[in-house]
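Heads up, the next two complexes both have chain A, just with different partners, chain B and then chain C.
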Partner chain A sequence: MEALQALFTGLAGGATLALVALGLTLVFGVLRVVNFAHGALFMLGAYTCYACTEVAGIGYFPAILVSAAAIAAVSVVLALVVFRRFRGLELEGAIAAVALAVAIENAGIIFFKAVPRQVQGPLTQVVDLGSLHLPVQRIFMIVVAVALFGALSLFVARTHWGRALRAVQQDEEAAQLQGITVTQAMIVAFAIGGALAGVAGALVAPDQVLSPTMGTTPLLLAFVAIVVGGMGNIGGTLAAAFGVGILQSFVSTYWVPQAATWTSFAVVLLILAVRSRRPVVYA
Partner chain B sequence: MRRSALILVALLAVGSALWALGANGSYYANVGVLTLLSLTLAVSVRPLLVGCEASFCHGAFYAVGAYAVAILTTRTDCSIWLALPAGGVVAALAAFVIGVVSLRSTGATFFVMTFSFLVLTTALFQYATGLTGGFNGISGVPSLVSFADVASFYWVTVGFAGASVLVFAIVDRSRWGLELRALGESYALAASAGIGRLGNLLGAFALGAFFAGVAGGFYASFISFISPTSFSFWLSIYVLTYVMVGGARSIAGPVVGTAIVGVLPLLSGWSDASSGVFVSGATLVILLLLPRGVVVSGLEALRRRAPQRRSTRAAEGTLASAAQASSGSVVRARAPRRIDRAEQPLMRVEQLSKHFGGVAALSEVTFEVHAGEVLGIIGPNGAGKTTLFNAISGFSRPSRGRVWFEGEEITGVPGHRLVHRGITRTFQASTVFEGLSVRDNVLVAGAVGERPGVLRRLVLPLHRDPGATAAADRVLERFELQGWADAPAADLPYGLRKMLGVAIAMATGPRLLCLDEPLAGLSEAEADRMMDAVASLSDQHGVTIVVIEHRIRSLVRVCERMLALDAGCLVAEGEPAAVLANPEIVSAYLGTPFTEVAHA
Partner chain C sequence: MECIEERRSARLRGVLAMVVAALVLATAFTACGGSNSDGDSAGTSDGGTIAYGVITPFTGSYAAYGMPEKASVEAAVNAVNAQGGIKVGGKTYKLEAKAYDSGFDPSKAVTEARRAITQDGVRYLEILGGELIPPVQPVAGDNALIFGVANGSTFLGADQPTTFRAWYDLPTSVAASLRYLKPKLGTDSPRVVMLYPEGARGKELSAASGKRAEELGYSATTTFTDPSATDFTAVLTKVLGDKPDVIDFGFTSPSAYAVAVKQARQLGYKGRFVFPDTLVQSVLNKTAGKGAAAGSVTSPLFTSFSTPAGRKWAQYVEDRSGPLQGWAAVSYDNVFLLKAAIEQAQSLEPTKVAKALLQVRLDHGLLGQVRYEQRPEVHDGYTMVGIKYPVGELTADGRVKTVASYVG
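Showing the complex of A and B:
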């Protein structure tokens, strides 16, 4: 029973990670830039949800949509103002993204202060199956994550813009010859990535206390998920995100919660070390 | 470049010293010590950045050094002066271990692995209570100066930071520094110039970690008490911003970057959050305006303004002589060299196959290359020509089959090692190191024959090495590039760039040169010049040449024997006229028979 409970908690944690990681991997695929500011977008999503429900007084479900739209917009603006400048300058682009993340996070600390904020969600019930306790909010998180993953897969596989994204990911020049500009693809990728981060933030808002630094750990664990799952591979990313969530949950349950983060990184280090035994150097 | 860096360090030191003597002496000396330690971190993380990998655990090496010094000095009776270098060695060893594992990967994967290491060391400091004191930390680390006054400590730190900048400035101007820059431009091209990635980047990583570790020891000694909270998670990232703001491509970059974004937060007494906003905001604004950093983008702007008439005129001369050289429309094939079949072939390729997933790009290809010949390889796009090159020059591992060179099996030997054994290849794309000057392009490849000793490679300023520069200039002259020697390779027109690509390969002193479409995109005149150069390499220098080319007319001018590939299989081999008349080749590749070959 304890194991099942841990598995459920892990799936809920993995669901949030998956939403953050899917956006991250989409952006990386198009721009080859590691978007460190993605965790800050997740944090802004949670605060947008808070502003909607607790300040403006609109319902939780519309607030999720508002978060998605607002963060998608922020993400596209960042893409056009900042990331577009650093195409082909991978290191500089990565550092600029880090600077952006640090700027947003610290501005958040100054602006929001250390006041703990919480969103009162409508899904407060808990489903009890014997000794298994399943909060409905967390079931909702898992369902939304899986549904959005399905929608994203369909989008990438079936629609014009989805194919455009894959085309740019594989061969920028050839895609441009087909009339797809990289800027267009970038806007689509950042919009979707931002929307997913906004939804993820809104989903965790009723489940945890909000703080300006809440985006850092999910960002780093999402990195783990996209690297282990294969850069640009959304199916692998989803699987890896759930894997990380479940690992964290089991370590917390059976050992100590403090060990959850570093054991995840130890495991990823091992996986990557084994995988890179044969160097792929001349890429 | 080194002079400007030293001047900046001197300015920084003098500036801080003046404050130190002022009313608030100890306070400003305090700021000075921390700034100088940041500076050391920035210059020591730079070599790996030059090689184009961003490590996110430089702060971890700083912390490892600090803990090593703290543990050595408080648990044993090791003196602080002995403990400092020991701390550096511990950090360098840690870097070696993590580097062996992680430097096999690149980019984002390398980031995640170094970051994982940072998280693990932080966990070690927090939870390995027996060793590190856990959250209680370690107190009573002895100070470097007997009387614990800040000003003396400051002067010791000035000496250490100055020495670090000097060491990295020397490295920057050495052959090794140039090799790291070449690696930063392109790993594949660097490998074809005989420069391996793993060993060089590992060296840069470990050397940087050593200095970070010693700097950490200084820090521990300075504040005398360390705990996990002494080492901000953001330190590793801030250090990278210092380098990027100034510009990673210049040794003065980290110095300027530290001065711009590193000093003010220490001086202002801001909260962590305000410092974070300042450092990141300044970094963002500067990178948006000057994407390559203040120093590098600034120097580029200056260079663009300065006129470059001399090299332009020289270039016009080259092109004009190239145009003159092209004349005569009858293509003459060279007389085939008499090949002694009893003699051992220079290279033997046996049943070589390469599969990508289910696709056989190359299947069971067998042939020999004889010493002194020029062997042409033709075939339609996708026939497996480049795949064959990759497999025989060590750039990919064949799925099956074996390759011998000079009687020894070389299957699976990495490309950069094969360069040292006498096999060099060129590429269709990525032909030159764009960020280096034309002379440096050739210089960096020139170490293959002579094998300079470690000390000479690390310490001697390359441009003061008369042997090396003279050899490079000879290669440039042979390819008529001497007028462009000091221009950045990125400024070369396309045709000369292809020429430089072959010059780089030639500088490695190969016995077997594999040229991958040297004529692609060249004008008729340029193509003739290139083929003349190839012919003279063969005739005058005795280099054996294998060349892939689509321009049959130019190819038959120089090659004595030809192989034809189609769909991964060897379909014809022999004298050019015979191969080109082969009906299979005509239908698969040529379309109409090629009949213009006139035997000389």
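Showing the complex of A and C:
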């Protein structure tokens, strides 16, 4: 039963991770820029939820929607003001993203005073199945993550803008020849990525303590999920995110919590070592 | 081709310039937000001002400790100045409090200590957090006396004659709580799990607390947690597998133990908790809900001050930092002990004041009669003694009532 409990904990952790990683991989697919500021967007999502529920007094479920919309807007602004200039420039784009992440985190420390905050969620019940205890908030996290993955998959496969995203991801020039505006595709990718980060932040808000640095660990683990699942691969990223969550949970439960993060990175190193059969060519 | 390379190079330079600008801006923001100065500069003094620096977290998971400590030191400084300041060599000095944000981060604490000593002329530093003191000690050297408002003792000793520990002893606090709980647990050999933050301090204190627990007939095990953790479900799944009767949070931060209490209850834990590093009720009630830790205990519980000075102090701290954190009383008494030591030494030299600090005592401090003393049975450094360990039990409506008191 302890293993089942650890499995459930891992699935819930993986659900949040999946939402962060999906946004990250979507942006990379279109812009070829690793958005290190994505963890900061996750943090902003959690604080937006806090502002809605604890300051403005609106309900938790509308707060999730507000978080999604607000962080999507922030993400699009960042895309247009900063990231648009670095399309295809992986190094420069990554450096700019790191700078943004630092600036947003420090702005958070000033604005939110870096005092830990709590959100009172409505889903406080626990489903008890013998010695297995399933907090409803965590069940909700898993359900929302899977539902959003389904919606994203449908969007990418069935809609005009979804196909446009895939086209830009596969061949930007060919996509432009087909009349697809890359800037618009970029806006769509950043809006979806930001919304997913906002939802992820709002989902963990009632379950954790909020701090301006809370986005760092999910961002690192999201990179693990993306590397394992394949950059730009939505289904692979989802599966890998749940895998990373479960690995974290089992390492913490059966070994020591301090080893949870580095074992995930050890897995990545192993996968990279096995995968990188092609010689690296420096130009 | 060269043209493209040049443009690319120019763009890269532009990017780097942006990054540097952003980092400088961010650092400037942090510096602006991280420190401040709040001294009572009212009145006159012919000797000038003595700066008392408080390096404490105003940000991060231990931020709940920073504001009460700052307010408490301010209250003491105001009281000292109101009583005529500090008299040395026929001159009168005003005391001034200067506050610096450590964020509970050792590297930031070192930066702030350096700033305090070299720029602000601080020669007496109060530092909250045992992990932060060892890296600051080389910076302070003989130029600044350190009051460690901290757990642990490995930073004390003969080679650190200007470092003092102004804190109750956490293992003694754990023992006081466990002694009170034992008859209520319904078993002769109750199990206690010690959930302590990882690090040198965590290892030292969990070992000492575990020893005290076993002396009281408990079976003790320790699990270390990531100090920056915000989710304890996986760790608790492991811990609850041992079927503990008591979970001792050691010096886990208030925001962290509040989440851990909530998650432990969600995982079906019915036992009690011990909060030996003071309880921040407001955070616990808000996060885990009132009554989530009913039947659990905390020690030392400093919430009731019957003397006029105590009531005035409590009101001052509550007005400025919200709910009273009783341990901030230690900081208050600390300032008066410093005043007595400087006047005893008739010198502002930290090394001379350190020697005098062992000769003075405060008869009517907030915590009673307190002084600094060497306690060889605990460690070979100097620590504040005379502190009682009242035990408080949490009630179902989220309040705490004093139920016992032990002398450490």
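Rule of thumb we're sticking to: the second predicted complex is superposed on the first by the 275 of 283 C-alpha atoms of A that agree within 3 Å, B and C clash if a C-alpha of one lies under 4 Å from a C-alpha of the other, contacts with A are read in each partner's own complex, and residues count from 1 in each chain.
We take it that a residue touches a chain if its C-beta (ideal position, glycine included) is under 8 Å from a C-beta of that chain, and two chains touch if they have at least 3 such contacts.
In this text, all values refer to a predicted model and were calculated from it rather than measured experimentally.
Look at A:214: by the touch rule set out above, it reaches chain C but stays clear of chain B.
Of the two partner chains, chain C is the only one touched by A:248; chain B is not.
Of the two partner chains placed by the overlay, chain B and chain C both lie in contact with A:89. Looking at the shared chain after the overlay, A:34 reaches chain B, while chain C stays out of its contact range.
Applying the stated contact rule after C-alpha superposition, one finds that A:102 touches each of chain B and chain C. Of the two partner chains, neither chain B nor chain C is touched by A:127. When the two complexes are overlaid on their common chain A, residue A:258 makes contact with chain B and with chain C alike. In the superposed pair of complexes, A:58 makes contact with neither chain B nor chain C. In the superposition on chain A, A:110 contacts both chain B and chain C. Shared interface residues of chain A (contacting chain B in one complex, chain C in the other): 86, 89, 91-92, 95-96, 98-100, 102-103, 105-107, 109-110, 258.
Partner chain B is touched in their complex by these residues of chain A: 28, 34, 82, 85-86, 89-92, 94-96, 98-103, 105-107, 109-110, 220, 223-224, 226-227, 231, 258-259, 261-262, 265-266, 268-269, 272-273, 276-277, 279-283.
Taken in their complex, chain A has these residues touching chain C: 2, 5-6, 9-10, 12-13, 86, 89, 91-92, 95-96, 98-100, 102-103, 105-107, 109-110, 113-116, 118, 120, 124, 126, 128, 131, 133, 135, 207-209, 211, 213-214, 217, 248-249, 252-254, 256-258, 260.
On chain B, the positions that touch chain A within their shared complex are 49, 52, 54, 101-102, 104-109, 111-113, 115-117, 119-120, 122-123, 126-127, 187-188, 191, 197-198, 234, 237, 240-241, 244, 248, 272-277, 279-281, 283-284, 287-288, 291-293, 395-396, 414-415.
Those residues of chain C that touch chain A in the shared complex are 11-12, 15-16, 18-19, 22-23, 25-27, 29-30, 32-33, 58-61, 63-64, 103, 198, 223-226, 228-231, 233-235, 237-238, 241, 253-256, 258-259, 263, 266-268, 283, 286-287, 289.
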